[in-house]
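One chain, chain A, appears in both complexes that follow, with chain B as partner in the first and chain C in the second.
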Partner chain A sequence: MALHIICCVKQVPDPETPASQFRVDEAAKKVIPAPGIAPVPSQFDTIGVEAALRIRDALGDVKISVVSMGPDSFRDAIKHCLAMGADDGYLINDPALHEADHWVTAQVLAAAIQKLAPFDLVITGRQAVDWDMGVVGPTLAELLGIPCVTIAKDVKVQDGKVVVERVLLDGFETVEAPLPAVVTVSNELGEPRYPQLRQIMMAARKQVTVWTAADLGLNPAQLQNRVNVEALYIPETKVETEFIEGDTVEEKVDRLLQRLREAKLI
Partner chain B sequence: MAIEVKVRSPQLRLLLAGLSFFVAVALVPLVAALVVIAASQGMGEATRQVFFNIAKWARIFVYALTAAILLVLAYGPLSRLRLWLIGKREDRWDRPWERARFFLLYGIGQGRMPNDLYAGLMHLLIFWGWTFLFIGTVMLAFHDDFVEYLEGHVYLGYSLALDLAGVAATVGILMALYRRYLWKHPKMRLGSLWDDVALLWLMLAILLTGFVIEGMRVGMTELQGATIDVHGGIASDPNWAPWSPIGFLIGKAALESGASQGFMELLHKSLWWLHLAMATGWVAWVGYGKISHILLGSANIFLRKLSPTGAALAGTALPPIADFETAERFGAGYLRDFTWKQLMDVDVCVRCGRCEAHCPAYNTGKELTPMGFLQDIKRYLTEAGPRLLAARRKGEEVKEERAIAGDVVSFNTIWDCVTCGACEYQCPLFIEHIPKLMDMRRYLVMEQASMPETAQATLMQLEQRGHPWRGTQLTRTTWIEELAREGVEVPMFDGSQEYLYWVGCTGALQERNVRVTKAIVRLLLQAGVSFGVLGAEETCSGDPARRLGNEYLFQMQAQQNIETFKAKGVKKVIANCPHCFNTIRHEYPQLDGRFEVVHHTQLFAQLVAEGRLEPRTINELWGFPVTYHDPCYLARHNNIMGEPRQLLAAMDLETVEMERHRGHTFCCGAGGGHMWVEESKGQRINHVRTAEAAGTGARVIAVACPFCLQMFEEGVGSVPEAARKGMQVLDVAELLERSVAYSRAAATR
Partner chain C sequence: MANDILVFGELTEEGRLAPITFELLGAARRLAPALGGRVLCAILGAGLDGHSQEAIAQGADVVLLADDPALQEYQGDAYVPVLERLVREKGPAVVLLGQTIIGRDLAPRLAARLGTAVAMDSVEVEVQDGRVLVTRPCYGGNARARYSFNTSPVIATLRAKSQEPLERDDSRQGEVERVAVNVDAAGVRTRVLGRVKQKAEGVRLEDARVVVSGGRGLGGPEGFQQLEELAELLGGAVGASRAACDLGWYPVSAQVGLTGKVVTPDLYIAVGISGASQHMAGISQVKNIVAINKDPEANIFKASRWAVVADWKEVLPVLIKKVRELKEAEARR
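This part shows the complex of A and B:
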C-alpha cells in the first residue's frame, strides 16, 4: 500500500529583508510587512518536502500531501511545494485563526492531518524562520499521540519504521521510530530541489483544497492561544567609541590594556 | 615559435579583406594582361595543344569522369543534409539580398580571416590560387571544345596568370605544412585527422605534378619550336615559353640535363594520368572531408542568423520559446531538439581552432571548448544519425540512446560558458555556438533541474525577490533617498520625460555600483537631460534568468517590465548595464516591447560633443595611465567601442590598450549569469583579465559595466601585480563626473 507522507509548511516574511526595511508595530505587537517584499516559504519546511520527495525517489509508491494554515497568500508556498513534486495541497484558511499561536496552530494542523488519515509520516521543518520557536512539530506529535524525532539530517523509511539521522551538537545519532511518526528536519539534510518547469506548470493548474475550522470540526472560539506576546521591539545596538590618548605609543598601549582589563575583556 | 600576427582594428581588418579580394580578383589577371601586351609583340599565334601527347579518347573519358565525379561530390552534402533534417524547422531564407552581400564580404571576401594574419594569408593564397587554377581548367575545356579563344596575347596572359596562381597555392600549402609540422600551432589541436592532413599533401602533389607536366610539354614543344597539332599544325615558338615561367624553367632544366625525348614523353604521359586521378579525386573529396567547407562553409555563411534589431552575433539575442504549453521539450537535450541549422553548424566546423584560442573558459582551464563540443556532437550525429533516420523512415518511435546535454556534451561544458561571444566573433564560418549552449542549459534547467548549486540559488533568488543580489541591505530606492538627503532630487519617470534611466538591480542594490548610478544621475541632471527613474517599480531585466536557462522566468520578468514601460509611456531608455541594455534592445522586441535604448557612454559622448558636458583634465589622475576594458555585451555583441574611448580622450586621460581589446576583448568572467555562479575549475577568469590590465602599466581600469566593475574590484584585491600597484577600478561615468566637476570648478573660479 502506498505510503502517505504529510508535510506541514508555512509562509514567512522574507528573512533576507534588508534590516532597514524591517519594522514592528510595538503597540499592536506585530511585524509590519515590508512594502514590496514578497513572503517566501519557510526554508526548513521546503527541506521537509525535499525529505519526503527523497523517500519517494527511493520507494516509488509514496503520496505526498502538503498542509498549511494561514491566509490566502499561503497558497504560493503550497504551490511551490507542489511544483517541487508534492501531490496534493490543503490550506486551512479561517480569519478566526489568523492570530493563532503555536498551540492553536498545532491543534488545527492535527485535526487536518487526522482528516487526511491514513498517514504514515508527518514532516515539518525544525522551526519556522520567522519566530524560530520550533515547537509545532513536537506539539503535533503530542496531540496525535505518536513518536517525534527532531532535527533530522536524513530520513528513511524501512520495514515499516522510520530511520532518522539526527543532528547533535557534537555529531550525529541514528534513531528509529515506528510509523506513524512526526519528524522535523534541519538544513543539514540538503538544499530543497529546484522545480522543473513542467511541474511548475502542472502545479499552477492543480487545485488547492481550502478548509475552514468548521470543516475540520473545530470551533475557533474554543481554541485559545497559550502564548502571550508581552512586548515586541527591535533591539537597539549602541556603539560607543573611546579614543585612548597618550604621548607615546607605549603609553597608549598601556592605557588601552588597562581599559580592556577594566572592561573585563582580557 | 609562437609569433602570431593579429590585426585588432576592425577598420583595418575590413580594409585588408577588401585589399586581398582586390589583389586576387583584379590585380593578378590585370598585371598578367599588361605584362603580356607590353612584352609579347609579334606572338599573335601563341597557343597550346590541349591533350598534347595524350590519346584521343582521353577527352571523352575526362568528360565521363567529370560527370561521375560530380555525382559522387553531390552525394556527400546530400547525405549530410539528410542528417540535419533530424533537427527541427527553422527559417533561414529571409532577406536574401542582405545574405548575398554578407556572403560576398565574408565568404568570397573572407572578411574574418585577417583576425589571424598568418593563417589568413595562408588560406588566401591557397583559396585564390586554387580558384584560378580551377577556373583556368574550365576555361581550357571551353576553348578546346567550343570556341577557340586562348590564342595570342590572351593565351600568353592566361598561361602566366595560371602559373602565378599555382605558385601562390604552393606557397600557401607550404605555409600550412610548416604551421602543422614545424610550428605545431596550438590551434591545430584537433585539426589533424587523417582527412585534414592527407588533403594538404594531396593538394601539394596536384600542384607539383601540374608544374612538371607543363614543364615537359613546354620542353617538348615550345622550347624546341616543334609543330603542334592546332589548326592543322602550326610551329610553336620558344619565345612563348617564358609566359609559362615555371614550366619554362622545368622544361629548360630537363633539356639541359639531357633528358631524352622518350623519357620526357613517358614522364608527361604518366604524370598526366596521375594528375587527372588526383584532381578528380580532390573534386570528389569536396563533398566529404574538411575541404567540404568550400560548399558547406559557404552555405553556412549565407545562412547565418540575421537579426531584426542589428545584434552583432547569433548569441546576442537568444531565440524565445514561443509556446510553453505545446513545446515538446524545453531547450535541447537530444539531437532532434536542435534545429537543422544547428546540426549543420556542427557539421560545417573545420576545426580551425580560432574559437577555442579566444574562449575565456578554455583558456583558464575549464572543460568547455567551443570547437570541442561541436566536434563531440558531430561525432555522435555521424554515428547515431543514420540509425535515427532509419527508425523514422520505418515509422518507429525515435529513441535516442544518449542525451546530448549532460552526456555527449558534459554538464560542466554547458555551464562553463560566459556567453562572451568570442567564439562567434572569431569563427570564419559564422558558426553559432552560444544558442546551442544556451539551449542545452535550458534543457538542463527546465527539464532536469540540473545545475550548479550557485546557479540554482541565483534562480531561486530571482524568482522570489526579483533581483539576483542575495542578502543585499539596500532597496531599489535607498540610493534615491540618499541623494535626496544630499539635496539632489531624482525625478521619477511619469511619461513627461524624454528618457527612462534604467538603473538595473546592480546599480541599485550593490554599494559600489550605487556610486556609479549617482554619478550618472548627477551628470544627467547637470546636462539638463529630461529623464526619470522607476524606483521600486523596476524588476530584473531578465538577462540572468535567460542566460541561466530559465526561459520561463525570463519571459515573466521581461513581460512585466514591458507592461510597466508601456503603461508609463516609455519610448527611450538609458541603460548603464550592458546586459540590461542588450536584453531591452534585442530581446524585448521578441515579446513585442520596442524601445530605443542607449548606453550611458553613448549618451555622454553625445552630450560632450554637443558641449552640454565639458570635461577637463582630471588633475589627480595626471600621469596615471588608464586602460579601458571593453565589456563583451557592449563591444562584441553591440559594436559599441568608440564612444567610451571618445570620452576618455575628451577627459585628456593618458590611455593604454590591453593586448585584447575592442572586438577581441577578453571577458571579465561575469557574463552568462556567471556573476553569481562559481567557476568549475582552473584559473579565475577575472584574475587573468586583471593581470592583463596590470601588465599594461595602467593605474586605473576604466569600465562601462556593473559586472566588470565588481569583477575587477575583486581582481585588483587578489592579483598581486594589481594589488601591489594599488590599481583603481572606475566606471567611465565616475571619471567623467570628476572631470566635469573639475571643469565647473575651474570655470567658476
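This part shows the complex of A and C:
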C-alpha cells in the first residue's frame, strides 16, 4: 500500500521584505502587508514538502497530502506545494479560526490529519517564519499520540520506520521511530525544488478541498486560545553607527582595532 | 508551590551545567520576588554528583535531581514524562527552559502534556499586576510580541545570552532532593542509532564570542579562507549569509539568519553582507557589529556599531596582519 505523507504548510508575509517596508498595526497587533510584496509559503514548510518528495523519489509509491489552515489566500501556498509535486491539497478555512494561537492551530490540524487517515508520516517546518514559534509540529505529535523527531536534516523511510538525521550543535544524530510519526525539518535539509512552468499549470487546475471546523467535527467555541498577544511592536534599534574614517585602508583598520580594544572585544 | 519558578537545568555534552542554565537561574532569581516563590532547578541526567552545589551557587533554592542511566542522553520520550511528573508534583507558576536543541524539542511537548502553553525563543519574562508576561522576537526579529497566558503554568524558552547569570556565590544555601525516576522503556519509541560529530575542532557558531561572517559581496568561496583565518586569530567561528550558502560558497550548517542560526556573539564582523532582513534576523541580539562593505548605503550599517566603507579585498589582508601582530605582542607579554 502506498505510503501516505501529510505536510502542513503556512502562508506568510515574505520574510525578504526590506526592514524599511515592515510595518505593524500596534492596535490590531498585526503585521501590515507590505504593498506590492506577495506572501509566500513559509520556507521551512516547503523544505518539508521537499523531504516528502525525496522519500517519493526513493520509494515510488508515496501519496503526499498538503494541509493548511487559514483564509482563502492560503490556497496559493497549497498550490505552490502541489506544483512542487504534492498530490492533494486541503485548506481549513473558517473565519472562527482566523485568530487561532499555536494550540488551537495544532488541534485543528490534528483533526484534519485524522480525517485524512490512514497516514504514515506528518512533516512540518521547524517553525513558521512569521511568528517563529516552532510549537505546532511537536504539539501535533502529542495530540496524535505518535513519536516526534524535531529539526531534521534528512528524512528516510525504511522497513516501516522513519530514519531521521537530527541536527545537533556540532553534528547530527540518527534517530529511528516507528510509523506513524511527526518530523519537523530544518534548513540543513537543503533547498526545496522550484516548480516548473508545466507543473504550475497542472497545479492550477487541481482542486483544493476546503473544510470548515464543523467538517472536522470541531466546535470553534470550544477551541480556546491559550496565549494572548498583548502587544506587537517594532523594537527600537539604538545603535549609533560610527563610520570609521581614514585616508588609507591601514588607517581605517588601525582605528577600528583601537575601537575594538577600547570596548575589550579583542 | 503555586508561585515557584522551575528551571530546566541543561547539561553540556561533557555533563557539566550549561551556561544557559546559569542564565535561566539568573532570570528566575530576578522573577522570584514578584511571584513570592522559590527557584527550583530540575536536573535530568546520569551521574549527577556535584551539580547541585553549583546550581545553588548560581541561584537555585531547591535542586531536583533525576538521576538515572535512562536519562544519560536527551531523548524526548524519556525526558518529557519525567519533567511532566516533576512539574505536576511541584506545581510551579513558571517553567523556564533554554532555547536549545533540547529545549526546542522538550518545551512544546511538555506544554501539550500539561495542558498549557509555551512561548519559544523569548528574551524577557516579567510580572505585571500579578500576570506573567513573556516578550519574544518574531517576524525574523523585525517585531517583538508580548504574550499573556490563559493557562498555568507559564512555560517559556529563553534565548541564549538574553539573560544575565548571577555572580557565583558558593555561600548560598539550598536544598537538594533526589527524585525517583521510572522511565518506561516501552514509552521510549525513538531509538538513537548513532551520533556524528562534524566539526571536531574550533569554536561552535552558537557558542562563539566572535563570529566572522561573509556574504554575496565576497564574490566567491575563496574569500571565506580569509574569514577563517581571521576567525581563528580571534578565537571565533565563521558564519555565512543565506545568499553565500545558496551559492554553495560555504556549508549551510554555518548559515546565520532567519532560515539558519541565531547567533549571540559579543562581536560580529560582517564582511560583504548587505544586511537583508533574512540575515539580520540571526543577529538581532548582537550589540557589537562591525560591517565591512563598499556600499555606503548597505542596510547592515544601520545595525552596526562600526562601519568600514571599503572593499573587503583591501581591508581583510591588513586586518588579519594587524590582528596577528596584536596577538603575537600579547603572547610575548
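Here is the rule we go by: the second predicted complex is superposed on the first by the 238 of 266 C-alpha atoms of A that agree within 3 Å, B and C clash if a C-alpha of one lies under 4 Å from a C-alpha of the other, contacts with A are read in each partner's own complex, and residues count from 1 in each chain.
Note that a residue touches a chain if its C-beta (ideal position, glycine included) is under 8 Å from a C-beta of that chain, and two chains touch if they have at least 3 such contacts.
All figures in this text were calculated on a predicted structure; none of them were measured in a lab.
S.K.: Looking at A:266, would you say it contacts chain B, chain C, both, or neither? Reply first, second, both or neither.
M.R.: Second partner only.
S.K.: So, does A:220 touch the first partner chain B, the second partner chain C, both, or neither?
M.R.: It touches nothing on chain B or chain C.
S.K.: Could you look at A:142 and tell me whether it touches chain B, chain C, both or neither (first, second, both, neither)?
M.R.: second
S.K.: If you tally the residues of chain A touched by each partner, is the higher count for chain B or for chain C?
M.R.: Here the partner covering more residues of chain A is C.
S.K.: By the touch definition at the top of the document, which applies to A:18: first (chain B), second (chain C), both, or neither?
M.R.: both
S.K.: By the touch definition at the top of the document, which applies to A:188: first (chain B), second (chain C), both, or neither?
M.R.: second
S.K.: May I ask you to decide whether A:198 touches chain B, chain C, both, or neither, giving the answer as first, second, both or neither?
M.R.: So A:198 only meets chain B here.
S.K.: Quick check for you: in the superposed arrangement, does A:33 touch first (chain B), second (chain C), both or neither?
M.R.: neither
S.K.: Per the definitions at the top, what is the overlap between the chain A residues touching chain B and those touching chain C?
M.R.: 16, 18-20, 191
S.K.: Report the residues of chain A in contact with chain B in the complex, numbered from low to high.
M.R.: Chain A reaches chain B through residues 14, 16, 18-21, 35-38, 40, 191, 193-198, 200-201.
S.K.: Tell me, which parts of chain A touch chain C in their complex?
M.R.: It comes out as residues 13, 15-20, 22, 24, 29, 31, 43-44, 101-103, 106, 126-127, 129-135, 137-139, 141-143, 147-151, 163, 167-178, 187-188, 190-191, 224-235, 237, 239-244, 249-250, 252-254, 256-257, 259-261, 263, 265-266.
S.K.: For chain B, which residues are in contact with chain A within the complex?
M.R.: Within the complex, chain B contacts chain A at residues 324-325, 330, 445-449, 451, 453, 456-457, 459-460, 464-465, 470-475, 478, 536, 550, 552.
S.K.: Which residues of chain C touch chain A in the complex?
M.R.: 13, 76-77, 101, 104-105, 108-109, 111-113, 116-121, 133, 136-140, 142-151, 189-199, 204, 206-207, 210, 234, 246, 252-253, 255, 258-260, 266-267, 276-278, 280-281, 288-290, 299, 301-310, 314-315, 318-319, 322-323, 326
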